[in-house]
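As written, the chain order gives the labels A, B, C, D, E and F, with residue 1 at the start of each chain.
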Amino acid sequence: MNGVWQRRVAREAARRALAEDLAGFGDLAGAVFTEEARAQVVARESGVLSGRLAFEEAAGLVDENIAVRFERRDGERFVSSDVLARLVGPASSILALERTGLNFVGRLSGVATMTARFVAETEGTRARIAATRKTTPGLRALEKMAVVHGGGVPHRFGLFDAAMIKDNHIRAAGGVAVAVAAVRAAAGHIHGLEVEVDDLDQLEDALAAGANVVLLDNMDLAHISAAVARVAGRAVVEVSGGVTLERVREIAATGVDVISAGALTTRSPWVDIALDLEA
Amino acid sequence: MNGVWQRRVAREAARRALAEDLAGFGDLAGAVFTEEARAQVVARESGVLSGRLAFEEAAGLVDENIAVRFERRDGERFVSSDVLARLVGPASSILALERTGLNFVGRLSGVATMTARFVAETEGTRARIAATRKTTPGLRALEKMAVVHGGGVPHRFGLFDAAMIKDNHIRAAGGVAVAVAAVRAAAGHIHGLEVEVDDLDQLEDALAAGANVVLLDNMDLAHISAAVARVAGRAVVEVSGGVTLERVREIAATGVDVISAGALTTRSPWVDIALDLEA
Amino acid sequence: MNGVWQRRVAREAARRALAEDLAGFGDLAGAVFTEEARAQVVARESGVLSGRLAFEEAAGLVDENIAVRFERRDGERFVSSDVLARLVGPASSILALERTGLNFVGRLSGVATMTARFVAETEGTRARIAATRKTTPGLRALEKMAVVHGGGVPHRFGLFDAAMIKDNHIRAAGGVAVAVAAVRAAAGHIHGLEVEVDDLDQLEDALAAGANVVLLDNMDLAHISAAVARVAGRAVVEVSGGVTLERVREIAATGVDVISAGALTTRSPWVDIALDLEA
Amino acid sequence: MNGVWQRRVAREAARRALAEDLAGFGDLAGAVFTEEARAQVVARESGVLSGRLAFEEAAGLVDENIAVRFERRDGERFVSSDVLARLVGPASSILALERTGLNFVGRLSGVATMTARFVAETEGTRARIAATRKTTPGLRALEKMAVVHGGGVPHRFGLFDAAMIKDNHIRAAGGVAVAVAAVRAAAGHIHGLEVEVDDLDQLEDALAAGANVVLLDNMDLAHISAAVARVAGRAVVEVSGGVTLERVREIAATGVDVISAGALTTRSPWVDIALDLEA
Amino acid sequence: MNGVWQRRVAREAARRALAEDLAGFGDLAGAVFTEEARAQVVARESGVLSGRLAFEEAAGLVDENIAVRFERRDGERFVSSDVLARLVGPASSILALERTGLNFVGRLSGVATMTARFVAETEGTRARIAATRKTTPGLRALEKMAVVHGGGVPHRFGLFDAAMIKDNHIRAAGGVAVAVAAVRAAAGHIHGLEVEVDDLDQLEDALAAGANVVLLDNMDLAHISAAVARVAGRAVVEVSGGVTLERVREIAATGVDVISAGALTTRSPWVDIALDLEA
Amino acid sequence: MNGVWQRRVAREAARRALAEDLAGFGDLAGAVFTEEARAQVVARESGVLSGRLAFEEAAGLVDENIAVRFERRDGERFVSSDVLARLVGPASSILALERTGLNFVGRLSGVATMTARFVAETEGTRARIAATRKTTPGLRALEKMAVVHGGGVPHRFGLFDAAMIKDNHIRAAGGVAVAVAAVRAAAGHIHGLEVEVDDLDQLEDALAAGANVVLLDNMDLAHISAAVARVAGRAVVEVSGGVTLERVREIAATGVDVISAGALTTRSPWVDIALDLEA
């Protein structure tokens, strides 16, 4: 994603999120405090930043008179008490922005921070840490970006930008070769195609059928190593299923190319980040 | 929220979530498998269900030919291996629904399950466990519902349906009485008004100013108990700030009416729930 | 509502209104007159201004090259022949704006002007004049603002920002206390709650049940006075039902806090305001 | 407008209006009363019905389990105490519908009723009573329909479906003939074209230039009669400007074809219509 | 259409078109090339330009940092190798714009170019070449504009801005006079009304009924000439049906006012226009 | 695309197209003819059908009381005078549907018919005929489907579902290998990646860099044959540039896998299809 596209996506997410906080009469409490104010976005614990674009776009949508200057870029580390951003503008507008803006950076920095921990565990290996489609409904683009900010890779976006053939498809088709042929015929010649395999026989079938990527699902380490050897560069090798911080290093050590982990988005607590108005 | 309203909200969330998975050519892999199939939504760990409405609405939006029958209602407990729902319909449609539907029940059951743990800790006390506005951007209504499914209460929805006067407002106004008067004048006579207080002096000011609810922010147990005694039923007493599963019981024991906890939504891992197509 | 929020609401209303006048080929008659022009918005009768924001936003949406300078603020009085605003811009754009812009200020100034008459009648009393939800479909926010411009208060916005328990609810529940308890349990602890009462018995029940506001519906003056005495500051007292310009002063004299009148929006003729292009 | 189109327009208006009453948690008070109920829409004064479609569509949008049966069609007269419609459905849903539904029939019946008074005044003449574009922003289609329900005609919808050349256009062009030629060239050969004239000279120019309709603006009766004689069937003759119930009959008596009156929509009080839940 | 309205229409079309090329992760290939670049829009064959506004609006929507300077206006002729526009901006943004922008100018210049050929064939006659409603779904406004750029006239936009009574209507009504009366009564006095006639009898009926325009459908030259003579200026005369480049001149020579041709939009190949990034 | 997804896409296109024909008062002429009618969609020339879904969805959106029964499926051939579909419903609704429905089947059958001609020319070869992104703005999904109905393949949908590296990218990066590496790193491991090559050296680079598809751009037959031999199954081979009906067979004879042709959508006249109401 280039920056212009990211910003557009962030703006739409910010628009929807603001609509959750501002309806009817708008902000019942804050609207009367219209004087100019200064505020800081401050970390209450350490982490990796993500969500800056959404915060900035939310600010612009609340009131174009809010000036926001971030002190960190998305993907940068911070520790507790670090000032992440400074704001100047009408107090009423900053108060209207506060919760929505913080919800973005709190949640998304949580994803980036968890990703960074997985990436740190696999340092020195060829394995990249990848996101899955287990993302909070409505927030996929931003959570995929957060994984990139944490050092990971985004994988496919949805069902439409690459074909993944899983157990269910194979069973329905009656075998790997048939499934791949059917999907390839329908999906066209240009789309990436990944095949999930459970054992080495299926692996051979997948390679023979022209899979671009093979997904080793819930295999033990011995089988993963054997599979990597068997593929021998003929396809990208991805591992998925039960990937935890504790196990990820030994999986990476087998020489696989990609490790995808739902935990990046499903087990990542928010990073505690607050907004303080200056006295 | 009555059921009709909840369903409408769930449908909109489902529509947006499906748009993340289905664009361009739709499902590149699953579209060719058009035969009728059966599937089960199965729990891989125990928890409290939430997200049923969004799952059902997503199914209807993908294909009205999918029949979904849930075996549990939102708010009901389940354990690992329990079948939560059964589906019949075109395999292609069930495959298109799978990830979006699961993301709703996985995330929202996570919130309900965490809430239920807080509620269990406070059993026998008068304290209700309440949600905050720390909700995933775009998912507030469903996450507030999930808190209710877990046994909690929803609190205000956003800035528009009740006025909460916090430190920043008090500082800007120069005191509790002035802040309340200004907000009350602007917000009108009918909206609920809550005042955050740091000590017993502010508490008296808030009560005198006509606060409907007082929020004791980050107070220790002794001060909370003293505050409860001082209020003596003149207002609803709420506690917030640093509320964890470990501390919540002793807070509840002080006799407060409401304990609001960001952790319900910011520290709650997803519940692992899968969809299995039948062979 | 703070100014930024009001402007956003006005812009959306302007967008929808312009779409009623401009579709297909746009303005069939005015489009050919592209030369620069000057115009004035002129009052043809006296009144209180409202609708300025919507007029300005409509101008910006038609053509950002239209410069609008209002000579009056919303809430200010004017008399016939007063110039309310001056415009400079392409004649074609001013002609495209004319009717939509005038419809806003004509209708909304009508509401503000009628409100100001009610407010003038109650001068010197503690009673505030409040809007109801009897607003033109699609124009609620702007009509509520117009009431404020006329000196009134907005009351609740809709069904979602405060709970009002009326005859029907009480009958369905089997009594005031039961109705309030049921609504309070569902609505949560923070939302404002108003109870409509027909007599002094119901009034006591409502106060005992913790109503924040009591609504005396269609009571005669003697009963209103008695109710005010009975409440004695324990709740806000509102009167509604059959409130006319002729009766409002004597109602206010009873010492009630709020008088809500549907007539502000249902019996208020437009103020005649025109746009004149300069020769 | 045929019925299918009218219904679609009404549905969109209903959707927007409901969004004003239902946001956040929906109906805070009514949601708990989910039992089946019966209700009646009852007239509190006499009038001509309009707004039935919008009421029905609003009901369907709130809850498809509400059954609505109208006892009157749009355009029919009713007197005080007449039952206009009967409803059966969940009480919570009827309560959520109540205000929105009534706002449509109250406002639109007000327009239809005022129109019917103008039409009654001109009975026996060839003059038709026509709406103008002075309609409440966002409600034009329904208010134009309401004029038809009252016995009037809708005139053009907006700037896009017929060309009207007024003073300002003529002045900008330097004369009637030039203005008509310019507009005709730009607007194309098929669109209706009306020219506003102040005197008999301009009238002749307009007829010569091929106007389909001539608008006599603010002329006295003598001039109107002279103009009708001069036109002699070469164009449709319309009168506008300062048309009141008091004056409309004498204007109609001159033999004009159409009399358009802003008062239909700008001076028409709502008809008082209520919804009563049955005990 | 004035320029401001055209631009708004073009922006909406550009927004929809860009959404076809940019979803999910946006541009997978071009996003990495963020350096500044220059590019030219170059004609690969001769034609008449149309689509400039949509190209410009698409550029602005992709990235406001793209500067576009067109060297031709809509309606101007160009030959192969002519530079039509020059762009400066981030390469990634220009690459994201390329196909969408070119699709507009390629398709719309095709329509303008075909129209110009019809117009050239009828030079020296009084006949204007008109568009029909046979336009690509979703692109009507821009294709109607393209016809104007090619020297033609737009005709009506849709079913709503003028009434055309065709064979089917006449048959349903039982005759021309009845059909016109019914439509005139429903449509109101101001809308343009065109009647399709097959022979001279129907022609007389249409004129007698007050048709503003008569459409001679699929008549041979002799009948067209006779019809023109019969009308004698009492209505605009339009010919349609089987109008080809080969036949259009002889039709025009009969003295008709308007010739409408579906071929302008249904038989017009795109003009080949490319975008070249400078080395 | 599975059928459910196609139908959803068609419905959105139909909604937008209908909005071009129906605004303001809807259909000015047809609305009065509300009696039941029968109609046929009849081919006026031979072709291959496409657009059925959009026609059906448009019918449903106009009026659910229109019953449509198609006599041909998308992709089936027809000849002049064939009845393609039969309709029963209110005449007013069929008249409102007519032009919009026909515009879909006329345009899209044009694309399918042209595709079928290309496919017929390449019969017996391994080459598939593929669509490009040269599609009418706003109609891409339906035009890609039309290519499939004509026997072709859809290629990528937009910039987001596969990465295509062209001359401009290679020049910007300084070579094929660098360009592919940069795009692969940004786009992730799963997306399909195609590289455009001008000569055999670039071809080798592309294969070495791991291209899934190579695009031979504007090569002569000898070079295409050499390239096919060189690739030897290591990648899919696609040809593009200047592909005409005259040349396509000899290109296909070289053994390439895919031939993409802009002419399918840019040089395809509409098929003449009409709707006749029965007497």
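In the analysis below, a residue touches a chain if its C-beta (ideal position, glycine included) is under 8 Å from a C-beta of that chain, and two chains touch if they have at least 3 such contacts.
Since this is a predicted model, take the numbers as computed values, not measurements.
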Shared interface partners, meaning chains that touch subunit A and subunit F: B, C, D, E
Distance from the mean Cα position of subunit F to that of subunit C, given in whole angstrom: 53
Chain centre separation (subunit B, subunit C; CA means) in Å: 33
Distance between chain centroids, defined by C-alpha means - subunit C, subunit D (Å): 23
Residues within subunit D bordering two or more other chains: 22-28, 30-32, 96, 141, 154, 157-158, 160-162, 164, 191, 193
Pairwise touch network: line, ring, star, complete, or other: complete
Subunit B-facing residues of subunit A, complex: 13-14, 16-17, 20-33, 35, 37, 54, 91, 95-96, 99-100, 102-104, 106-107, 110, 133-141, 157-165, 168-169, 171-173, 182-183, 185-187, 191, 193, 266-267, 269-270, 277, 279
Contact set on subunit C toward subunit E in their complex: 22-28, 30-32, 34, 62-63, 65, 90, 92-93, 96
Subunit C residues touching subunit F - in the complex, by the definition given at the top: 23-24
Footprint of subunit B on subunit F - complex, ascending: 1-6, 9, 141, 144, 154, 157-158, 160-161
Contacting residues of subunit A [partner subunit F, same complex]: 128, 130, 153-157, 160-162, 164, 188-194, 212-213, 236, 238, 257-258
